[in-house]
Amino acid sequence: MSESPEFTLSKSRFEAFSDGVFAIAITLLVLEVHLPALHAPPISGAEQLRALLQIWPQYLVYFASFATIGIMWLNHHALFRYIERITHGIVLTNLLLLALISFLPFPTEVLARFGLTPMAMVYYGVTLSAIALGYFLVHRQVLAAQPSVDQSLKLWNIVGLTLYPVATIVGYFVPVVGIVLVGLLAVFYMMPQNIRGAVVRP
Amino acid sequence: MSESPEFTLSKSRFEAFSDGVFAIAITLLVLEVHLPALHAPPISGAEQLRALLQIWPQYLVYFASFATIGIMWLNHHALFRYIERITHGIVLTNLLLLALISFLPFPTEVLARFGLTPMAMVYYGVTLSAIALGYFLVHRQVLAAQPSVDQSLKLWNIVGLTLYPVATIVGYFVPVVGIVLVGLLAVFYMMPQNIRGAVVRP
Amino acid sequence: MSESPEFTLSKSRFEAFSDGVFAIAITLLVLEVHLPALHAPPISGAEQLRALLQIWPQYLVYFASFATIGIMWLNHHALFRYIERITHGIVLTNLLLLALISFLPFPTEVLARFGLTPMAMVYYGVTLSAIALGYFLVHRQVLAAQPSVDQSLKLWNIVGLTLYPVATIVGYFVPVVGIVLVGLLAVFYMMPQNIRGAVVRP
Amino acid sequence: MSESPEFTLSKSRFEAFSDGVFAIAITLLVLEVHLPALHAPPISGAEQLRALLQIWPQYLVYFASFATIGIMWLNHHALFRYIERITHGIVLTNLLLLALISFLPFPTEVLARFGLTPMAMVYYGVTLSAIALGYFLVHRQVLAAQPSVDQSLKLWNIVGLTLYPVATIVGYFVPVVGIVLVGLLAVFYMMPQNIRGAVVRP
């Protein structure tokens, strides 16, 4: 036993479990989209339409969160493609990352409760920044386990670690601009070179 | 690296992730089925029965949505059967399609809140139409990546892109007919030739 | 194309999708366990304890439903073990079965709302009876596709098709006995010979 | 048939189903994190901040539960690594364990409703103790099926079976210390030797 001090989790089950959490977290997002409390049920069609339209910040956050988790999954997949062994450090940082990603539906509920307020945007932005930090920690553990991994991921990390806090601060002063920044960041990550750039090659 | 400009996501993980989202979205539908707000808890058995029966539109929408996602999954599976590589365009349009399908529990909640009103039906119909559009976009990307794919899928797309908007408009004027149309569309898609017709052969 | 009139869904993805729905439905059950509405939040420890204990019917239903879905999954797995092709009829009846199983969290919510009333028990019993019927329909399609499959499954079906309606009727008159019957049925199904008896051998 | 009296569930589907339930249960935890009921919606930013901060016990419980399920999954995986056949006893005790783990979101809801009261902590602690007991029962069945399995798992079990009840009792008198103990237990389990120690070797 002494010749194998590292934890020996099989890579395929590690990936399957992570994929499962990503897929579930992304699908649960919708459960925290909510209509505002309305007065007596028999309300007019115009009032119903207004209720459905006035929750547009929730729609925006739904799609921004969906895109963020989707992109995170793509890059997670790319990061682990050429990894050969799952170390103890990878397991723990990955668990932290999954805990943060699974938490994303709650800021959506906060937004549904408070409306598009500075505080709701800051809460959302802090969660996204924490996710970027969690991804950075996983990446560091991967580099430690396999130094040959493409260093260009660092750029991707720097962008996330910098721009999510910026969007948070901006969102505190002008909430709607904060959401738009988060959406633009997702679009940026979706551009081919940023996904391909994340593909790890030995 | 230059000889492979496309994103190189493995097909099996792409399918596993998509399957996961389909399976979760279909199972979450029930969470937005709700009883109406009732008066004081100790209500009579007859009132309980009435409460359980009067939400019949929610039952209908539950089964129509379940059938729609199920059929969508079958056709998604058929579409990717003979695909050999997952392009960047497929990844992005597929993410959009999954986001729209995952959104389906919310129109059910809207219906639970508003009852079977014109506005609730339009909201549901617009979501279904957006899903048909999302599927069409994925299909186009698949054709671009692999032109040998069976073109007969186009018929399937045209039916969806046409009849969901029609059901939406009809539902605005006579909500119950709108739901029935959506259900009939699901039944139509379930007929063997429509599923088999969607099976892609090289 | 004419030599293969049957739908050609791959068995492994069919099973993976079904397994996913089973696993999700079983895990969602807890989301409809709810505390009763309480008066003002600062309530005494004794009142909190009473609130946690008085929902014992929900605990019972949670474990009975969990056992029911678990057993259903085991038998589903056994049923498809020696199946070689997935026909169109299997796909459709299986989708119906999954829709009914996914619906199980809702009767739990009904019970949480109404308490252990005759109507809540009937609603739960009718759902379980519908699931037994759905399983019977899937089984018939499997037999049609592969007549060599062990006929002894019929006994299992007859028990379910008979005793769930009986538990429903009994539950209408004495709700608590209805729940106990459902629990006993799950225990009966869990006995080795009833699971092994369901294992299909060629 | 008589030469194979044991239930013959394939190990891969048994593991896939268990993994699915673990992944879903861990991701559902966030759905029971809730803001307290607030007065009229237009509340000040300071009140919003206070509302978000005053639910810190829910954050703690979220991360403690996430870590507990994550660790449980790791050890479950290790336990079954060298198992060759799934016996009837393993299937049933495993189903019980999964039912208890899936139940974990509910104590979080209790805490959200009652606040950090002695009763809420006891409820959470009893659930965790029941999970430790469930894991112990699965382990005993595994040992019965495969006596060569590493006996050192027993230490791990003893720690869980002892310290969760202790945390429960402490939590009754000083709730916050109870949560901290649960968190420390998760940290203890996460230390490399405790995960590696759980890896079963033939």
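Per-chain residue numbering starts at 1, and chain names A, B, C and D are given in the order in which the chains are listed.
Just so it is clear, contacts are C-beta pairs under 8 Å (C-beta built on N, C-alpha and C of every residue); 3 or more make two chains touch, one makes a residue touch a chain.
Fair warning: this is a prediction, and the values are worked out from it, not measured in the lab.
Where touching is counted per the definition, chain A and chain D have no chain in common.
Residues touching across the chain C-chain D interface largely differ between the two copies, under half of the numbers being common to both. Taking each chain's centre as the mean of its CA atoms, D is the chain most distant from chain B. The distance from the centre of chain A to the centre of chain C, each centre being the mean of the chain's C-alpha atoms, comes to 34 Å. If you average the CA atoms of chain A and of chain B, the two centres end up 24 Å from each other.
Looking at chain C, one finds that residues 16, 20, 24, 28, 31 touch two or more other chains.
Contacts between chains close into a ring here, every chain touching precisely two others. Pairs of chains meeting the touch criterion are A-B, A-D, B-C, C-D.
On the chain D side of its complex with chain C, the touching residues are 1, 5-10, 13, 16-17, 20-21, 24-25, 28, 31-32, 36-37, 88, 91-92, 95, 98-99, 102-106, 109-110, 113-115, 117-120, 123. Chain B makes touch with chain C in their complex at residues 15-16, 19-20, 22-24, 26-31, 33-35, 38, 41, 43, 45, 48-49, 52, 62-63, 66-67, 70, 73-74, 77-78, 81, 190, 192, 195-196, 199, 201.
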